[in-house]
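Okay, structure first, notes after.
Going in written order, the chains are labelled A, B and C, and every chain counts its residues from 1.
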């Protein structure tokens, strides 16, 4: 299902995301689901192999979690420290309370210098803010320079994964897109050739850019600088060439010290792609001569999440995507099915905080298997938070009367063992005498593809009473 | 105007929202690197660098010119910060002029054994641009400068000393098209790592 | 030491033979257990559906029924995890103290964990179980990551597997190595009916993994997983019998 993951609300509010329906549509193509699932599982396996080579892996995770919790619990101090040092380094520092303010700041920086061509490297934050459509509506040409992002940009879709934006596309589909927009021959789908064309195409854009915008993987309070990790070198080409560099970052990305980078960087690429490190880990501590370097610190709901005792741990996220790669539901439903900028398990604990009604289905897009929690390099208790978001969703009333009534009915049954025994016996008897086709129907969504268990003659309780006598 | 307003509002919100203080974890005990660990660190570095797609060669300073230009035949367009290799390009002040650079040769400060990365930092923005615009990049690094992990690396470098610093591990790459690895994304297509001084590491 | 056995609702109704097998195993190992009446459910289905508040009474009843026992052995990994994580939230009421919930949480254990940690593999071996089959082992996710029944494949710690250790006492049993050793089966409680397409797909993928590695049967710690996988296998007429670890140890696997 190709659609932008960010929707501009036009009239009224966007419809609530129905993950189950989107997942059903995705699964209709079994072969494609298997292909998508295998591709992501392969990345999970690469992560396992890389992690196994780091003897202190679990200790690193514990450290990373503690450093992040420390930083978040002192976030105002570190933000102030970062700002002071960044200013001393010759950067300009802006603050944005929400997406709109961020977008307006970026536009103003561009308009102030008459910049009309912007080259962007990957920033999930700017996706979240809907920056691209805003700038385009204001006459700025925006080119996403990360290859995966460029592909989905040309297709007018949103990224389906925060690290591998085009993971949901086959090379044939990429070839079609390049044929339509970059003039490659029809039917050309060979990745090296396609990447070569993209290199030429984007090289032109880098050279012609009036400004570049990057995200930040980490902002370092102690030094007033920031780190950008890429494999393609696209962020660097933007930064090395454009006269204006804007770096947008969510306030939760600030870490205390330079030495802390070692902990996170040893975890990041291994968790994300199974590489020991990304090709480029760029540290920026000031503008080039004659260049303007602007930092935009963005809240956009982060302080609200920070205030949530049950969910602030989700702000530790370093955007590695490992939870998506391991999640059996993400792999079989694709990033777009979550209808949010950040999908998968972390998306399902971050996004409900922005709009609980709209994203009420996301915490339920999970079996709570806990694999995400086990791979998270900063030890976010993802499955615990998913469980707690479910309670918040139901408390807020974003559920159906049928569901509530059936839960209440089942609770009544469980609280009355005598009644339960009778109901159970009836159900088993019914299953015994019911034709299979009727049993399937009665079993509802269960029965569409699964048989109900064969009905035994007596319950265990009945057997126990008969054979072991009543014991209290 | 509203810059102060937004700043104050955000900081106020953070102060009101932040969870109870969590202590910074105690610094990890760093294993002391011994001189005779160096040859195996060199091996680890070479392996990791190769795995990242770099062509790694061992040699001495006098070999640099041969090793570099031998690998890039007919490199007419060369920029170098290494005295052993002569630049052919005039350094202008505009990095855009380096677009057709074929080869950039430079020195790295240290290497990291666990991931094959080399640290370079500079205030010279032409060098920075060359590192990404050149089709081929060669980096010279001293075997004695190889450290085990990023922990040791950060202990030795001052990331604030220059406006630009980077850990480089391999040539640019992407797997964004159906997970097929393509070497040479937007940055260099090839990276040659020249490790000098390996012979000096041999334990007598 | 006083011990009680908790039989989850669906095991009581649909898989009594598994409960009987568990009782048999405990009997033969000399572990006397009560099977008290009164608590049909641990409260997990409501809680996982987001109705923890509505399901509180169920968990409170569980605590009341099992408060007296030194050990509460639960025949389900997911039920045991739920009780261990949430029983401590149960408050004082009537004769129940504030500590009752926390105590029950602490004293609750799952059957395989109990057999491995407190009885020991050597004593379990004295059961002399045999099963001449090549089996796939499925440790339910809650038992795996919530109770530490084995090293989950994500974790970089020394490998261990309590279920394999128990099954290692069964003569003739061969364990198949799978492509995805611990991927979730897709049951997930209400997930099975709320997101049936993915639930079914996940189950089918497990079955495919088992068959690809020539498993003749599936052995699990959780009947909820097997209810789902078994339902799929039967609908698709895949002959893959499903047994609880207790049945294998009791020697009743496949015996009607």
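To be clear about the criterion, a residue touches a chain if its C-beta (ideal position, glycine included) is under 8 Å from a C-beta of that chain, and two chains touch if they have at least 3 such contacts.
Just so we're clear, the structure is a prediction, and the values are computed from it rather than from any experiment.
Placing every chain at the mean of its C-alpha atoms, the farthest one from subunit B is found to be C. Among the chains present, the centre nearest to the common Cα mean is that of A. Distance between chain centres (mean CA atoms), subunit B to subunit C: 51 Å.
Between the CA-based centres of subunit A and subunit C the separation comes to 32 Å, rounded to the whole angstrom. Taking each chain's centre as the average of its CA atoms, subunit A and subunit B sit 29 Å apart. Shown for subunit C are the residues that touch two or more other chains, of which there are none. Each of the following residues of subunit A touches two or more other chains: 54.
Interface residues of subunit B facing subunit A in the complex, by the touch rule stated above, are 3, 6-7, 9-11, 13-25, 28, 48, 51-52, 95-96, 99, 112, 114-117, 121, 125, 128-129, 131-133, 149-151, 153-155, 159-160, 162-180, 182, 184-188. Every residue of subunit C that touches subunit A in the complex is listed here, in rising order: 7, 9, 11-17, 19-20, 23, 34-41, 43, 45-55, 57-58, 61, 141-142, 144-146, 152-157, 180, 183-184, 186-203, 205, 227-228, 230-232, 234-235. Those residues of subunit A that touch subunit B in the shared complex are 39, 42-43, 54, 56, 59, 62-63, 66-67, 69-70, 72-76, 79-80, 83, 89-90, 94-97, 101, 145-148, 151, 164-167, 169-171, 174, 191-192, 194-196, 199, 202-203, 206-207, 220, 223-225, 231-234, 236-237, 240-241, 251, 256, 258-259, 261-263, 265-266, 273, 275-289, 291, 297, 299, 303-304, 306-307, 309, 312. Every residue of subunit A that touches subunit C in the complex is listed here, in rising order: 19-20, 23-24, 27, 30, 33, 37, 41, 48, 51-52, 54, 57-58, 326, 328-329, 332-333, 363-371, 373-375, 387, 390-391, 393-395, 399, 403-404, 407-408, 410-411, 413-415, 417, 420, 424, 427-428, 444-446, 448-456, 458-464, 468, 470-472.
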